[in-house]
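Report on the following structure.
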């Protein structure tokens, strides 16, 4: 089995990338793939614990992040620089995750056999 | 009859916005609408006279700009700042047009009843 | 009271635009304004695909637009050329293709030329694009 | 010689990605490499809509992909959930809807689950996304 | 006067910054959809409120994204306010 | 080592600038589709060629857009070269 990195680059409401990322993470993990999930650029907005997509009748797909650990998806990495640039702090995030510097992010990506971005 | 401003914001090959802008310009003009065409941001790349979309089997829709005058579409405005930022000069453009400063651009847009952007 | 022409050029799944346009239209009607019509162009035409099948817990914009347009009686016009390029065919397109049942653009959506947009713009006090 | 898994996530009319993927696939095959398959996900599934009708002087990617896949015998797999959300239905989906003729996803394209992507990734030396 | 409407994230796309100098001080600016993310960064909203006094943000889009607006110079509106605003200005551009 | 592939215009989207500091000096960068527009501006391509010596641009995409590459540090490749390049690196990321 190869390892797969899934990189989220878009906010949660503007398009379907977040939902289709969750679909991909859960399906890959259930097929035994070694999955890591990354949140970079506007993708970090998916993690904001104050979001209420119900306000716009949108599905709150970020609640599915809580299911990641039951699928043994434990590598959840967040770009520290992307957070800072967007005025966000770790305490505002809705999932337990590791903050990575740009260099650490590159090192983690080097470890994955395949990489898919969703934007 | 009201006047219509059509603003191009995307380059010629990446998506269908350029073709669908031409469709809109020619159809509106043939229905007697007073049409002005604007090229701003990456839209100015549609005007580059060295482009060869045939290299990628894409249609060279920018050739239709030559037909604008036969439809009495004579107001073709180009954002000077967008050109400069992208390293382009007026001599490289494929259609006769007026270069506008940001202030002049705003003034022209104030004159149009309706404004549609294509990006 | 004013009349609005609503233009949707963004794809329903790649932008919030189609939803924002719906909420704007709803609010305008509630405030007593009228909607001359909604014109779907560029990727906006994807909203008119009757085959769209969302999962049960996901937002489905297609039935929402149908319901609103039928309740308040305003047209949902779809540019035929933009639609055909994106695999959205009306019954008339299907008849021309000699496959009369194979279409996915159905009432209350109408397949029209761009001229209809020009007419709508001229009949409306204000146009708003999403 | 290597094997490639090609992933297409961009819409055919909103990006050059679908064309770039085609040229890459063609070049890889000409160099003697093999294509495990092409997986269409997100807006990339729109390429699989058999109703797409381009004007005669416009680039039509649908027939190009069909021809290349049939000549070199590799699968064109379309994620069923992503496709259904975008109004792209297979014959099986149509049968389930009790409208057995109303489908626009046809051979050589296949409607599959995401598990097929995982299998392709594991069987390929390299994956490239467009 | 024109109401300039922005819908995409100013962190990932530059159309707001590019359009800013095209906006007249008497025009209005409406931030909605992903453009409301700009409210989280003074680096982004400062140049906007310096350009014109008429800056609005669509509150339902802020609430859905979990974004709060702390800047007094920006007026929060709902969809009813959006409809009214579109009639206060002569026309709307969706950049 | 990773080949970082960019496809959108650096004039309208910021993903290239955002990703740059995530790129290792031994990684490669491929500019294709609208990203080749960056070749028209030293402000854009200078930080790229300073990040890594391994910078490539897809020539057919330049030709189609009418863009010429004057910077010697950037290697022009065709689709055959793109296929070869994707195998020289361990993996490809499409930002």
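Every chain is named by a letter (A, B, C, D, E and F) in the order it is written, and numbering of its residues begins at 1.
FYI, a contact is a pair of C-beta atoms (placed from the backbone, for glycine too) under 8 Å apart; a residue touches a chain by one contact, two chains touch by 3 or more.
Since the structure is predicted, the reported quantities are computational estimates derived from the model, not experimental observations.
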Neighbour overlap between chain C and chain F returns A, B, D, E
Most remote chain w.r.t. Chain A, using mean C-alpha positions, is B
Going by the average position of its CA atoms, which chain sits the greatest distance from chain E?
-> D
Distance from chain C to chain A - Cα centre to Cα centre, in angstrom = 33
Could you tell me the distance, in whole angstrom, between the mean C-alpha positions of chain C and chain D?
-> 27
Between chain D and chain F, centroid-to-centroid distance (C-alpha), Å | 26
Please list all residues of chain F that touch 2 or more other chains.
-> 11-12, 15, 18, 33-34, 60-61, 91-92, 94
Within chain D, the set of residues that touch 2 or more other chains is 13-16, 23, 58, 81, 85, 127, 129
Would you pick out the residues of chain A that each touch at least 2 other chains?
-> 9, 13-14, 16, 41, 56, 58, 113-115, 117
Every chain pair meeting the contact rule | A-C, A-D, A-E, A-F, B-C, B-D, B-E, B-F, C-D, C-E, D-F, E-F
Would you mind writing out the residues of chain A in touch with chain C in their complex?
-> 13-16, 19, 56-59
Across the complex, what residues on chain C touch chain A?
-> 13-16, 19, 23, 57-59
Chain A-touching residues of chain E, taken from the complex the two chains share | 8-9, 11-12, 33-34, 37, 40-41, 60-61, 63-68
Residue ranges of chain A in contact with chain D within the complex | 1-2, 4, 16-17, 20, 23-24, 27-28, 31, 33, 113-118
Chain B residues touching chain F - in the complex, by the definition given at the top = 9-14, 41-42, 45, 48-56, 58, 85-88
